[in-house]
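Here subunit A shows up in two complexes: once beside subunit B, once beside subunit C.
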Partner chain A sequence: MQVTERSHKAQKVIDRLQKKLNRQMVLSLAGCVHCGMCTDSCHYVLANPDDPTYAPAYKADQIRKLFKRHVDWTGRVFPWWVKAKSVYSDEDLEELKDIVFGKCTNCRRCTLNCPMGVDFATANRMARGLLVSVGVMPEGVAVVSKDQWEIGNQMGVLKEEYLETLEWMDDELQDELGVRHSLIPVDKKGAEIMYTINPREIKYDPRTIADAAKVFTLAGVDWTMPSEGWDMTNFGLFSGDDDLGGTVAKRVYEKAAELGVKRVVISECGHGYRSTRCEGPNWGGVNIGFEMESAVITMLRYIKEGKIKVDRDRNSVPVTFHDSCNNARSCGLYEEPRELIHLVCTDFREMYPNRAENYCCTGGGGAMSMSEYTPRRLKSARIKADQLRATGAKIVITSCHNCVDGLSDLIKHYNLDMEVTQLVNLVANAVVIPEKIEVMEKPAAVVHTLKGFRILVIDDEPETRTYLSTVLEDNAADTIQATDGLEGIEIARKEQPDLITLDISMPQMDGGEVFARLREDPATRGIPVCIVTGKPELRKLIYDKPYRPPEGYLDKPVEEETLVRNMRKILELASGASKEAAETL
Partner chain B sequence: MPTQELGGKQVEVDEDGFIQTPEEWTEAVAADLAKTEGVAEMGEDHWKLVNYIRDYYQKFGIAPMVRKLCKETGFKLKYIYELFPSGPAKGACKVAGLPKPTGCV
Partner chain C sequence: MQESALLHFTAHRLQEISLVFMAVVYSIRLYWLFRFKAGGDRQPRTGRLTTSPIKGAIYSLGNIAMPWAMESTRTNIFFWAQFVIFHLGVTAAITLSFVIPYAPGILENPVIVWLFQIFIGAAFLVGCYRMIRRIAVPVMRAISTPDDYFSLGLLTVWFFFAGLAAPNDVSRGEGLLITFFILTAFFLVYVPFSKISHYLYYPFMRYYLGRSLGYRGVYPIQRSATPENG
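On to the complex of A and B.
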């Protein structure tokens, strides 16, 4: 056997290939009979008929040859017969990168046309993951992945910027609806719905957020936006990095669990929907205790249930609908958007082919962040441009942010007279504003400082008591300290503080028992409680009890900023809801 | 890397038409970039927006949030889209000489 030196990176790729294989992958790598059925299903092939390197079977062979060479017995015995080959140098890896990132958007249209059930896009994603694991990837993918790992969202938006933008949209919506209280609740515990978005909405175009808030408000539902875990997009899907995928998805799941919501609603984003709802639990290895759905389904339900009324005559310009690959082909979401369009638009024109057979917007698979391949992308977009033109529509609707940008680019490139919009914009435009608006949340006063509020700190550790009290007093609150549960209950009854912070693990009477007694006593029942504990495993002592859950929950050690912000939020919400709270256990 | 004639000189741009070296930016370059983004002529408000974006980028090395744009210029969000039909990310930032914003845009 010929011995050839292999570069460090190439060796790693070969070593890791074995670990990436599951039955689905092996089927896709072993199953191809080179019948050529996939060839004409690919938009790249259709736009480049003379270039065989775009054919899905050819592209797949560049990954398949590694599998044959290093895994499958045929390639180990007769490598020349089954075209088994390996990678040796960093240049070989660069060539592979050019194919798996630059010649495929992972749209999965070829999969639908394969009689053998080969899922090329899944193998392509696997190959991307192998390259990413040795640092071979387009720069755009690296930058965005880094932001998602480190800052928690793909556009590096800071928390205060996010919250400020929400407040801004809240103000705008208040002006539009003529009401004078907050309409976008943040971190509301126990809300029915947690709404998650694409960072593009917060950074560049928050109109979709205001539109969604308008729909939720007028539907009278109990909803909230999270202060963290709000980015439902996931570059793990594009880069093939399952660790990133799992970490990003878990941020959303953990926040939803912390807030105790019934349902996570995902704004109109194809890859975000697929990653968060369909793939994330597997990547993250977690079980999900709540429902997840696309905002398209949510809005459709509100109209069907009569929660909102719509006037479709307001959207009379001819529209067509572009199915996002991830929504339609990968997640089966294609009848609901059409049903919704018929309810909010008067002139809908179908695009052909459509639903699971639709062609990619050409911006999928993270292509929008890889400028180096833009000329190829725009060339292959001719297929989509022809499809769009044939509809005669003036507006193309899509339920995917990536498609919005992919379509906008090609519309400009091919000089089409068309605009791109999303369903949330059309629903918000069609929704009828009633004369009297009933809002779930009672008007909440905005609490800027803790001045004028009295907070009772119950904790047996002197250092913690001192720390919490000092931070709270530095922020202008008055504090009272209790060294154990019994003393705490006594003070709470007598002093009627505005808020109680409660430790769980304490001698004599644990925090669970203290919490129960506070909730049972009509004199203390209405006082908001924030659990501050270093032992999260004890949380069942609190949450297993048949009482209204605590208003806040913080893990020790708690940072100053986190503590103050949570205190403020609890006091804000309590100012609007304490009366009701006092009446429920 | 392709080049493009902007403001009377050859300027290096990426495949999406964003200029590669911020030092190459001049008002004439900006005016030509604006034409590629559907802005026939740069008015006073266009410049106000573009200059703010440039200053912010030079200071912080990233594109500002649209919230900042509106707050600092006093323009409504809707008006920003009227000024730059392709939006703040692809339109205004490109004219201001920033590299292409990262992520799904």
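On to the complex of A and C.
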């Protein structure tokens, strides 16, 4: 029986389809001739030869049928003739979800093998975006997107954790190089380079940060890491959510502009490089006034310019290189890594196919965060495993963190005798440490207590105001309370507090509006703001605004220790005023 | 021998009406397409400095004439050869539909007739093979629509009659010629609504993809010539 009633979500998907279409997308959806030439280019197909539902053209048709039914000509009049079909129920959307998230990593290999030039990966990303806009997505995608929206990075790394990891790596590097100066500067204004990383490096692989710091230090460059906007990864690329993509990318750009750096260097991450370097300006609708480049290019330049010296004999184990899809197929970054490998390794073995024709690591497109599809992913990884095995290498190098995880997983699954590493690790291992190291001291301020700081608490709930004020005062801060947004703005102008805690959900004027006015007013623009809210779903009121994002974000109920720790860190990272105050302690 | 009024009508007026119809519909189609805004690349260029959007676009447009350029054609030369034969057959049959009514003298040379018949006949065989492939291969069956079958069937039948009509010999009866011209007219009218209209999209699709991938340093594709290991 034909279902004619459409669910709310299905209707929204149809309504939003038109808005997602540009000329290239229309061409990709209208121009497929079903020749089947793309079929064998997909690693899912090669691992599942008897299942036609993995064929790129078949998967694309599940999206294409919507376009044909609602936008194209013939499908609107004779839908059965071109297999045009609409979606009606939430189950239809779930079926589409299974295909666009679970059977494709958006690696774009089929695109490059299509005689017509159909860009299926981009169409697939569009379909993901449509589903995400109505809340239909794998749980992992929802969790990671939420973290990136709310906390500012896709692994939910808190600012304190980030800064502590930097300090830890700083200490390690000082020990290694035998110096007693800080080697990882944070928020250094006017530095030449701002180095951005993947939160995975904080969580699981901090050594890559120390290795990069070692290279920058020995190259004698003026560099810094940002306290905010340090996450160059962007789940918007995977979820198809251009709003998230633009917001995340702009955090990096705005921080770089605020610090006045000349160049943003992006650590080795395929989707991070593509998102920050290539897609971010398009999603965010902004033009960038500084340079951006991959750390691979930076390291290569330092060696070529003689800023660092390397001894390739230190890396004598046979290595091969896996091209990340996003780097090679979407950004043309494939010769520089090879050039660098030849400079720092003695035994390089090419993998076939390679460069833009390489097979996906199978962990791309956000696949590592979608555990429900892991068996499929690992089955399809057989193609990559065969490729790796054929090189005879003991180490596979990749300039992508997703690939590191995807390859590690398949190496374990297929019992390959290999390790995965990144170029920064090999460069750091090969770099020759000079006898004398010249470093710049970090102009850091350390806040040990809240003594001497005035904090404005804006919240309409008396219990919350009292709680926050009491905790802060118990830790030696002076507090001022405001019962609503208007009063808070007025006090902020007049009293110029060192920090503001701001509730979002308030009567008369919500926190989003208050935040906007604080950021717009030159008198209050520089005051750090920490959002303290019990309604994280309202985050868009803050993060969608075209201003510097808040310096902190806390969920209610907030524990005493968490509150104080975050206040300290925000004040520590705030401008010179807090530094001076700290020095008086 | 004098052609009948029916043959004259199908070879001339019917073709002209069909061509005008196709041109109008194509124009509307292009207008519809260009109402969608084209996406662009706002960021600075990436990749090799030896390439550019123009080089990428040219490479992309010429891709189909370079079977070595894509893995899908490089590793499947037989399929690529079919593609060439099939499309040469289409070109020959279309040419024939103009030659018969407007320059029939050309077909007085038997060599030219044979050439038409060879090209069109080969395309007919490819069409038959492609139909079998579309029906027999599970993946092809899964992605095929009624339009795919009908379009391929229509072209294959059209090739059959075009091959037979090539001698333009009315003394053996007008049936073949009339059928060929009616099929041609139907083909012209049906094309804008079917997958056969892909050739209208082709230059735009390849241009936009090539421009973007040239800008990003991906096109022209670079790869190692020979495996050193593995």
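As a working rule, the second predicted complex is superposed on the first by the 436 of 585 C-alpha atoms of A that agree within 3 Å, B and C clash if a C-alpha of one lies under 4 Å from a C-alpha of the other, contacts with A are read in each partner's own complex, and residues count from 1 in each chain.
Everything below uses one rule, namely that a contact is a pair of C-beta atoms (placed from the backbone, for glycine too) under 8 Å apart; a residue touches a chain by one contact, two chains touch by 3 or more.
Keep in mind it's a predicted model, so treat the numbers as computed, not measured.
Three-chain overlay on subunit A, with subunit B and subunit C fitting side by side and no clash.
Subunit A is touched at more residues by one of its partners, and among subunit B and subunit C that partner is C. By the document's definition of touching, of the two partners only subunit B reaches A:Ser408; subunit C does not.
Look at A:Val143: by the touch rule set out above, it reaches subunit B but stays clear of subunit C.
In the superposition on chain A, contact of A:Gly511 is made with neither subunit B nor subunit C.
With both structures placed on the common chain, the touch criterion links A:Leu27 to subunit C but leaves subunit B unconnected.
Put simply, the nearest alpha carbons of subunit B and subunit C end up 25 Å apart when the two models share chain A. Within the complex formed with subunit A, the residues of subunit B that make contact are 14-16, 18, 62-63, 65-68, 70-71, 77, 86-90, 100-105.
For subunit C in complex with subunit A, the residues that touch the partner chain are 29, 33-34, 36-44, 46-48, 51, 60, 63-64, 70-73, 75-76, 79, 83, 137-148, 193-195, 198, 201-202, 204-206, 208-210, 212-213, 216-218, 221-224, 227-230. Chain contact summary for the complex, subunit A toward subunit B: residues 140, 143-144, 147, 154-157, 161, 164-165, 168, 172, 198-200, 202-207, 233, 269, 368-369, 371-375, 401-402, 405, 408, 412. Those residues of subunit A that touch subunit C in the complex are listed here as 21-28, 30-41, 45, 50, 52-53, 55, 57-58, 61, 73-74, 80-83, 111-119, 277-282, 285-288, 291-292, 328-335, 349-357, 387, 389-392.
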